[in-house]
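Heads up, the next two complexes both have chain A, just with different partners, chain B and then chain C.
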Partner chain A sequence: MDNLLVIDQLTYKRNMRVLLSDVSLTIPTGSIIGLLGDNGAGKTTLMRLIAGAATNYQGSIILDGEVDKTTIKGMVSFSEQLSGASNDARMGDLAKFYDSIYPEFSMTNFNLLAKNFDLNLKQKLSQLSKGMRRNFVISITLARRARLYLLDEPFDGIDSMKRKKIIENILTWMPDNASVIVSDHHVSDIANLLDQVIIIKDRTVVNQIAADKIREEYNQSIEEYYESFYKEENDND
Partner chain B sequence: MQFDDKVPIYYQIKKYLYKEIIIEHLNPGDKLPAVRQLAVDLTVNVNTIQRAISELVEEGIIVTQRGKGNFVTTDMEKLFALKRHVVEEQIEVMYNNLTALQVSPDEVLEYLTTYIGQRKEQDNG
Partner chain C sequence: MISFNKLTKALFRDKVRVVNTFVSMEVVALLTGVVLAFFSSSKGSSFSAGIFAITFTISFFASVIMFFMLTVRQERVWTRNFYRLIPVSSSKFYLANLGSVFLNYLYFGIAQVLLLLIFNISGLISSFKYLDEIVKTLSEAKFPYQVIFSAILLIFIMVIFIWIFVTLIHLIVESISTFLPTLHEKIYRVILYVLVSFVVLKIAGYISNVSNNLFVEFTTSLDKADVANTAAASMLMASGYFTIAVIFISFINVFLLKKWVETDPRSI
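The block that comes next holds the complex of A and B.
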């Protein structure tokens, strides 16, 4: 498999604080990767950098051979994009807005996703429950035809039936030449879905390993394996 | 489908497909659902399904026709051998557990015959 994303020695500092330190990783084309780590470990920061939200970092981020940050931005669909939207905005109008700014946004796909999630597009963001809002964000994110999808904690506050629906939609809408990075701290939600896991701790990547290798060689669930990285720290405290 | 967290998923999917074939949900010559459809149905990723199917192709249980999809083999000898293999695996587990309890092979057979007799009566009654 070709590598879609290659990150080499990425370090990012802001206000004298190190937010990411010497992160290196590669993501194969057509894979689903779990980005696992405690809150504050650096998951969201890493996604923001890949998505081009900040540019003053050291090291390199290469997506399908491209290094130009604006080009990369157009190839990445990041679930955080809704964070700046007004609470008075209606979902339907927001979708039209994204359709106008992203050339690769598919209104047809968005409408299918929204229908699948039973979203009433006339509703304002302020009227949505946490779960409905998540479903809207997922619909917007997957409606773009991107090479890389970054889903930041998509299952936070979502019950297991709805979780399954989100997973089904990820599998249905992910293009063959695209990869997905999902961050989560409830590993069991997504364990079956993953090709690989990347474990992030103390602002750096501490391990990257194939999911079935954890099961086959260590006889562990992904959850147990992941927790072992954090347990050591607690024992040393 | 409920997966065991500690067993490789591709392996569990192989077992699932074996079962579908043995209980004739999938008959000889039947076309398998598209890889992506199987992925969605089982909520696992496409590569995991692909790996399981590749191994079944290597084993000769599934035949890939270029541009058409994946089909259950029509080679009945292969399918009988598959069933025998899957059954023997189950028997092996039972046999090992019982011999670990120092039950002799002859006794194993005796216990099994008695048990089957009882079960037949129960299940029919």
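The block that comes next holds the complex of A and C.
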């Protein structure tokens, strides 16, 4: 399988703190990857860097052979792309904005996704509950025909029924030549989805492994495997 | 990649909702003003003059507030994921945002002219009987079109200059603050804004002094008897000076956007 994303020796500092240190990883095309780590481990920062929200880093990010940040932005659909949108804006208007900006945004797909999530597009962002907002974010993110989807904790504050619906939609709408990186710390929700797991701890990648290998060779669930990296810390607490 | 025109149009639409809402509120204020003028005119003063004074005052303050609101909207765009993750080059992004703000203000300005005309229609109709006289006076006095044109040009360029100047200070502060600790960040930012504004204004003042000397030399060489042409030439020269400053600062702004200014991680 070809590698869609190659990250090499990525280090990022901000506000006199190292937020990512010497991160190297590869993401194959057509795979769903779980980016697992505790709060503050660096999951969101890594996604921000891949998406092009931060620029002052060392190392390289290559997406489908491209290093140009503007080109990469056009190939990545990041679930935090909506942050900074006006809370007074209606969901329908935001979708129209996306439609006018992103050539690969599909209004038809968005409407289907929104219908699937029972979203009332006339509502303003400020009127949405946390769960509805998440559903809208997922709809907008998946309505773009991107090469790489970055879903940052998409199940945060969502009940189990809605989680299933989100997972169902990810599987339905993900293009064949695309990959998805899902970050979470509720591992059990996404375990069955994953092809690979990347564990990030203390601002660096400590392991990247195939999900099947964890189950077959280590005879562990993904959750158990992930927790083993934090076990020492928890035992000391 | 999205074209410059499409991006400008999308960013224009994104901001125009604010302008439309504000103009709707202004219409309510103007209607209230007309009612007030109606009651005060019954005490002997001129109704038309009263309306003109009130509508002009409301329009003036509305223009100042709108300018401030659009400046805030413009600055938000530089540090929000929603805008910064749009796949366009920094220079195209910068020009499209600046262009959309300018077009919104122009749209607001046209709305102001229309509102002033509509609300002062009775005064205008009554002045039609003096139309011949006004035209005659203007033609005899050689209406200084060149002065009007130069003044409008200078106003437009100065408005753009203020916007990009605010952006310069904002982007410098954003760039520096990424190197400072997050502890007491708000305090650092306030100090930075004061310091950066002071330094930038000092530099601008120095450059202004140098160009002012050139400006004085130029205007003294002109024919003093021809007041209109001298005034127009002075304003055109000032416009040229501000245009150079706008281009120079814009280069710095685009550089800062491309190399140093990141989106705000706290908005996630």
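Here is the rule we go by: the second predicted complex is superposed on the first by the 233 of 237 C-alpha atoms of A that agree within 3 Å, B and C clash if a C-alpha of one lies under 4 Å from a C-alpha of the other, contacts with A are read in each partner's own complex, and residues count from 1 in each chain.
To be clear about the criterion, a contact is a pair of C-beta atoms (placed from the backbone, for glycine too) under 8 Å apart; a residue touches a chain by one contact, two chains touch by 3 or more.
Remember, predicted model here, so these are calculated numbers, not experimental data.
Once chain A is used to superpose the two complexes, chain B occupies space next to chain C without a clash. Using the contact criterion defined above for the overlaid structures, shared-chain residue A:125 touches neither chain B nor chain C, since it reaches no partner. After overlaying the two complexes on the shared chain, residue contacts for A:56 are found with chain C alone; chain B is out of touch.
Shared-chain residue A:18: touches no atom of chain B or chain C. In the overlay built on the shared chain, the residue A:44 is in contact with chain C alone; chain B does not reach it. For chain A, the partner with contacts to more residues, out of chain B and chain C, is C. In the superposition on chain A, A:164 makes contact with chain B only, not with chain C. Legend: residue contacts after superposition of the two complexes on their common chain; A:83 is shown touching chain C, with no touch to chain B.
Of the two partner chains placed by superposition, A:112 touches none, neither chain B nor chain C. Annotation: superposed on chain A, chain B and chain C show a minimal Cα-Cα gap of 28 Å.
Interface residues of chain A facing chain B in the complex, by the touch rule stated above, are 30-32, 164, 167-168, 171-172, 188, 191-195, 211-212, 215-216, 219-223.
On the side of chain B, the complex with chain A involves touching residues 3, 5-11, 36, 39-40, 42-48. Chain A makes touch with chain C in their complex at residues 14-17, 44-45, 48, 51-56, 70-71, 73-74, 78, 80-85, 88-89, 93, 97, 100-103, 152. Contact residues on chain C toward chain A in their complex (touch as defined above): 1-2, 6-7, 9-10, 13-14, 17, 76, 79-89, 177-182, 185, 258-260, 262-265, 267-268.
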